[in-house]
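Same chain, two partners: chain A is paired with chain B first, then with chain C.
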Partner chain A sequence: MRFTISREKLQEGLAAVAASVPTKTTLPVLANILVETTERGIRFSGTDLDIAVSAEVTADVEIAGAVTIPAKKLTDIAREMLPAPVRIAAANEQRVTIECGRSKFKLLGIPRDEFPSFPAVRFEDSWRVKSAELHKLISHTTFAVSNEESRPILNGVLWALRQDYMRMVATNGHRLAKMQVPIERSTAGANDLIVPPKALEQVRRLFPPAEELEIARGDNHLGFRSPMAAVFTRLIEGPYPDYEQVIPRDNNRIAVVDKDALVGALKRMSIVASDQTHRVRLSFNAGSVRFSVQTPDLGEAQDELAIRYTGDPLEIGFNASYLLEILRYLPTDEVKLTFKGPEQAATIEPEGWDDPAQFLCLVMPLRLID
Partner chain B sequence: MPSVAVLPSAVADQIAAGEVVERPASAVKELVENALDAGATAIDIEIDDGGRGAIRVSDDGQGMDRADALLALERHATSKIRTAADLVGVTSFGFRGEALPAIASVSECTVETASADGGGTRVQVRGGTVADVRDAARRRGTTVSVTRLFYNVPARLKFLRSPRSEWRAIADTVITIALARRDAHLTLAHDGKRVMSLPPAASLRARVAAIWGPAYATSLVDVEDVQGEVAVSGLVERPADVGTRTRRVHLAVNGRGIRDAGLVRAAESAYRSTLPAGLRPSVLLDIRVSHDTVDVNVHPAKAEVRFRDRWPVERAVEAAVRRALGTGAAATVWGTEQAPSWPGSAGLRAGRYTGAGGVGDAGIRMWGPPTGATFDAAPGAASVLPDDELLASAANGVLAGEGAAAGPVQLRRTYLMYEQDDGLVLIDQHSAHERVLYERFLATLTNGTGASEAGVPAQRLLFPLTLHLGSAAADAFEAHRTAFEQLGFEAETFGGNTLLVHAVPVPHPRFDAERCLRDTLDALTGDRSPGTHGRHERLAATVACKAAIKAGDALAPAEMRALVAALEQTTLPAHDVHGRATIVRLSWDEVERRFGRR
Partner chain C sequence: MWLEPTEALRFDGSTIVVGTPDRLAADWNDEKHSPILAGHAPVALGHPVTIVFQVTEERKNRPQMDLFVAPPAVAPRSGDLPAPLSSRYTFDHFVIGKSNELAAAAAQAVAQAPGKAYNPLFLYGDTGLGKTHLMQAIAHEIVSRIPATRITFVGTEQFMNDLVASIQGRTMPDFRRRYRETDLLLIDDVQFLKGKGESVQEEFFHTFNALYESGRQIVLTSDRPPSEIRGLEGRLVSRFQWGMVADIEAPQLEHRIAILRHKAELDHLEMTIPDDVIRFIAEHVHSNIRELEGSIIKVLAYASLKHRGEITLEVARDALREKLRDSGSATLAGGRKGMASPDGIAGLTIDTIQARVAEEWGVTADGLKSKTRTKALTAPRQVAMFLCRELLGAQLVEIGQAFGGRDHSTVIHSLERVAAEVSTVPAFRVRVEKLRSGLDGLRG
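Moving on, here comes the complex of A and B:
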């Protein structure tokens, strides 16, 4: 294998896949990046066995071939090199030489046979999705996934594809985020996929919003592909909880609040809230909401905001960090909160959002007892 | 012929001897106590053949003249009290005037005594009858030699155990006295070999060091507390050491060694939640109460006393021991310790992990001695710090968060380590969190008010957890339903043994509620602990264990600091609920010693 590549293209290719290389691994070859020659240039690939990422960049290939090179070292070399063409060659698939100007490196690679092969996903049955729409769903929902490992299903994001819309849902059982965007008539049938958020993060990083992506499903893998890059991920198996059933339809207490003011008040309350539960008490009345926290051994705090509120007065407790997190992702200046009672799910939505997408968050209250 | 007759005094003496002198050890006790009552500063005790051969107790006390010496051998002859009124608040060991005649009546006994150096008296008694009185030259003081003990009481003689075990009893007796009265020089010899030589000791710790060795003495924790009229001082074992060596229990009330199961129980209950079931700690306690609140005249050998009101005394003992265990000194120490023990909590107060210097004494309180009656205060209800200091310490916590340089570091995702002025501190994150949760849960359960603001908040769930339980586990849930609700678990039974959980506590972000509930129910299955408090303790311990962060959980710096701060607020920070250590310390002295710097 021998090729010449510009330093910029080398860095571009490495940057695309470096994040998929695990920092700690028991399988040494996973710490390497697979470098292959293709018709258009060079393809870089990295994987941690759950997620695989590959990206192609242009290069002048003299002799075709493939080798794996330690990711960390290769990235460091690419960063420190002078901006000049880089010549990379590998003899017998193991001894890699990298030359750039008068710098010369020799690295010990691992033969490509040892690199795990990518999941078998057949793109013949693929469907197409606009990258921008995917970006939007990903950035508004993945924050809500569970980090706790007892219910693996909740560690994933549900990506539901239907005839004329697609949606993503994420929850940790305490709060939930759901976004839906209309799509042009899909060629694929209805599909429910539970995708690890890390893979979605890679998708968002790797594919620019302007692209159109091909997506295909294998046995229990999912592939995302654009002309120059691809992401493969393992799917999480199992039925996703019936989230439709827990979305309240008859919340009859409705508050409309200025988002920044609400965030400010909640942040002030959080200073004194308990470290474990971040519990904040909210008292809604016509025209205002009163905030209060009381933490034994620490102190207490109160605050108040003017709001638009309809419905009977309500006292309800929340984990302030859940509210703050959701508010960070709401796109509008004003937000609408709806409630049923102090023990039922509350909803948070953007108010006056001029967008075809629908965004809804749920948060379950914390018990308040006096 | 009259069938009722007053017994001759010799017979009466023998009967009394049965109560006072039941074995050689009790004779030794009486004689040594007499010596102490006589103001002796040095007492030599020589024993032959486990006390069967000979017992000889010599003192340098005030001695007696001839008339007194003869009188002393009469029953109820004493120099210690004069009227019945003197019995109240008596401070001498003896006062009944029974011991010497009782011993004399069942042995061959020689009393040599002199009230001043030079001319003294020597009285020989055989079976209670004075056989010989003559002059003897000796120094001031008294020597009582008892030989052929119980020669005339075959029943007693038959029940004596082997010389070895009688000797052990004697040694125990002497140790008990030595611990209670540390001002006298005691020597003890057996069959001509000197076994113990205990110079006057300034402290209990010094005396313990002289008896059992300095290593043992330094491994004990100081108890020092006053509750109302009751002062408790002494030494107790670190929970981590309990069960690893001989258990020793010595109680002294007003300087008198006694037995009292109630007080021992009180001391042991202070260890509650720090020891595995079945282990009992060593406790060496001096209890001082005002003399008129305790009656010592309830037992011929005065091995027991009666308190006018024993509750305050037991409470004081429990509180004192608990307080001692709550100090940093009760934490496990790694390596050797120097004799004057741990510098105590003072050094810990300005723990360096608070970050930026400058905060000085207002730094986060590390195991500072609880002020006042923390034990009695409702847990969680009140802080012992004034508000200003509280706020200051909270502020420091925030500052430390920004400085971050000196915060705890996590090792192997299991231990937290930080440095203090006097050494390195290692904390087991699971044990520490378990202790924090245990005390919080128990407070919630004990207060019985449900999840108050101080209690455990419950996060309602979007998707109720469905638990299919065995019938035993379902019964366990039913039995503890209210308690579970107080802890933040809201659940309803749903068709027999299925449990629908609607709300759960969130002790930390990685909490696995389902597993915690399942494991807890399994552990409670078939639990028959008696009493509400016992059940609560058990439930709190089980839930705390299941709910606490696990070894292997990576903690953020803020979480680590919060954990250390929360641990420091607990009453027994140094031990988890299974009796394992939560804190291990390595002093700089030890580090420097290992590196050869000193």
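Moving on, here comes the complex of A and C:
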């Protein structure tokens, strides 16, 4: 194998796949990046066995071939190199030389045969999705996934595809985010996929919003690809919980609040709230909401905001960081919160959002002490 | 992946209840795994069982509510109590007599008006006379009226262990929250505070004050009145006396008979134990109630093993022969917390401990002695080592020998592991305590 590549293209290709290379692994070849020549140039690939990422960049190929090179070393070399064309060659598909200007490196690679092959996902039955729509779903929902090992299903994001819409749902049981976007009539059948959030993060990083992606499902895997890049991921075995059942339909206490003011008040309360629970008490009354925190051994704090509120007065406790996190993803200046009672799910939605998408978040209360 | 986070909660002979973190895991396991697991039961246990998955109580009671965990039922069933409370220890099952009427009345008053009637309530008396029973009865009574009541029930030793662990782990805020954000604090055996380092008594003092000042009820038990706990700081002694100090004495004969009758009724034994046997037991066992109840069980076991289930005075005499021999002498020797030497105990040996622990974990005693280090074996092995040390006071080397020739440092590690887990995992503590008290009953 021998090829010449610009420093920029080398860095671009490595940056695309570097994040998929595991930092700790028991299988040495996984710490390497697979470098292969293609018709258009060079394809870089990395995997941690759960998720595999590959990206192609242009290069002048002299002799076709493939080798795996230690990812960390290759990235470091590409970073420190002078901005000049880089010549990479591999003898016996194992001994790698890298030359750039007068710099010269020899690295010991691992033959490509040892690199795990990508999951069998057949793109014959693929469907197409606009990258921008996928980006929107991913960036508004994945924050809510669980990282609790004992609840494996909730460690994934539900991606539900229907004929005229697609939605993503993520929850850790304490809070939930759900977004739905309308799509042009899909040719694919209805599909419920539970996808690891790390894979979705790769998708968002790798594919620019302007592209259209091809997506296909294998037995237990999902593949995303564009002309120049691909992401494969293991799917989490379902079924996903019936989230529709926990979305409250009869919340009859409704507050409309200025988002920035609410964020400000919650941040102030958080300073004195317990480090463990982040418990803050909200007292809703006609026209206002009072905030208070009381933390033994530390102190207390109160605040108040003018809001629009309809319904009976309500005292309810929340983990302030759950509220703040959700508010960070809400796209509008004003937000609507609805409640039923102090021990039932609250909803948070954008208020007056002029967008075809629907966005809804739930958050469960934190029981008040007294 | 779905069974890993589950834990066995209880087994009542025909139903195994397994705890899961949330409803979806419970539903999924019910559907996918119950039939498979139940299919193994006739082979493993010799009879069919039903396997039920349900969300653990601890999950239901967390302050942060969960979309997929239903809050605890409003009227708790007997099985739904905070972890260490025993469902038997209610007022209904407390037999009142002359020796304990003051304590019982005070406990009733506290249960009716927690934080108002007598705060703190300090119960003292010899071991096995029902202090813990009364204390838990208060908790049961309050929970049945106000299910949301948060109850913290610990022994003094555990309080100290938790404190030390949280000082080392720099998790004092957690410790304080645990003990101060509670509506009812029950602490057993406060006499063990004596002579403990200043920091323990200091923290206890502050916990006490925090709860007292916010009107939360505190109930304490001890084997002697506050003023006689030597090595206890004066300010703690005086606080313990603020509320009500009530003592429980050993029951009189009539009272003992009533207790035995109640016990027989409770266990549906009324058909099988004749009055003269009850009277015989009551006359000859007068140290404490635990021993009284243990004697019934012993007589029953004797009857079923040697006399085909027939219970007569002869059988009782036979069963309680050893007790009769030293009756009159203080039968409290080597009581539940005492450290007895291995040779002074009949029936309780390393072998019996291994057998019981193995049974509890569904493994074999030989497995505990083997070299195998699978998770299924290491946990019961460590518990068995722990109990050998606690109950028999066995030497580390001796324990190591009995468990497949393990090194004494391995034994130390095991003891530490179990001690740490006991203080952090309530379900585990309950399991170990159950074993401990079961084995304790085997002492001669």
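Note that the second predicted complex is superposed on the first by the 369 of 370 C-alpha atoms of A that agree within 3 Å, B and C clash if a C-alpha of one lies under 4 Å from a C-alpha of the other, contacts with A are read in each partner's own complex, and residues count from 1 in each chain.
Criterion: contacts are C-beta pairs under 8 Å (C-beta built on N, C-alpha and C of every residue); 3 or more make two chains touch, one makes a residue touch a chain.
None of these values were measured; they are calculated from a predicted model.
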Query: For the overlay on chain A, clash or fit between chain B and chain C?
result: clash
Query: Which of the two partners, first being chain B and second being chain C, lies in contact with A:K24: first, second, both, or neither?
result: neither
Message: I'd like to know which partner A:R102 touches here: chain B for first, chain C for second, both or neither.
response: neither
Query: Where does A:G173 make contact in the superposed view: on chain B (first), on chain C (second), on both, or on neither?
result: both
- prompt: Touching A:R249, do we find chain B (first), chain C (second), both, or neither?
  reply: neither
Query: Thinking of the overlay built on chain A, is A:R185 touched by chain B (first), by chain C (second), by both, or by neither?
result: neither
Message: Tell me the contact category for A:I153 with respect to chain B and chain C: first, second, both or neither.
response: second
Field: On chain A, positions contacted by chain B and by chain C
entry: 148-151, 171, 173-174, 176, 241, 243, 246, 274-277, 279, 296-297, 319, 343, 345, 362, 364-367, 369
Message: If we count contacts the way the header does, which residues on chain A are in touch with chain C in the complex?
response: 148-153, 171, 173-174, 176, 237, 239, 241, 243, 246, 274-277, 279, 296-297, 319, 343, 345, 362, 364-367, 369
Query: Which of the residues in chain C end up touching chain A in this complex?
result: 1-2, 4-5, 21-25, 28, 63-69, 71, 148, 173-174, 176-177, 180-181, 210
- prompt: Where on chain B is chain A touching in the complex?
  reply: 380-381, 383, 390-391, 394, 450-455, 457-463, 488, 490, 503, 506-515, 558-559, 562, 569
- prompt: Across the complex, what residues on chain A touch chain B?
  reply: 147-151, 171, 173-176, 241-243, 246, 274-277, 279, 294-299, 317, 319, 343, 345, 362, 364-367, 369
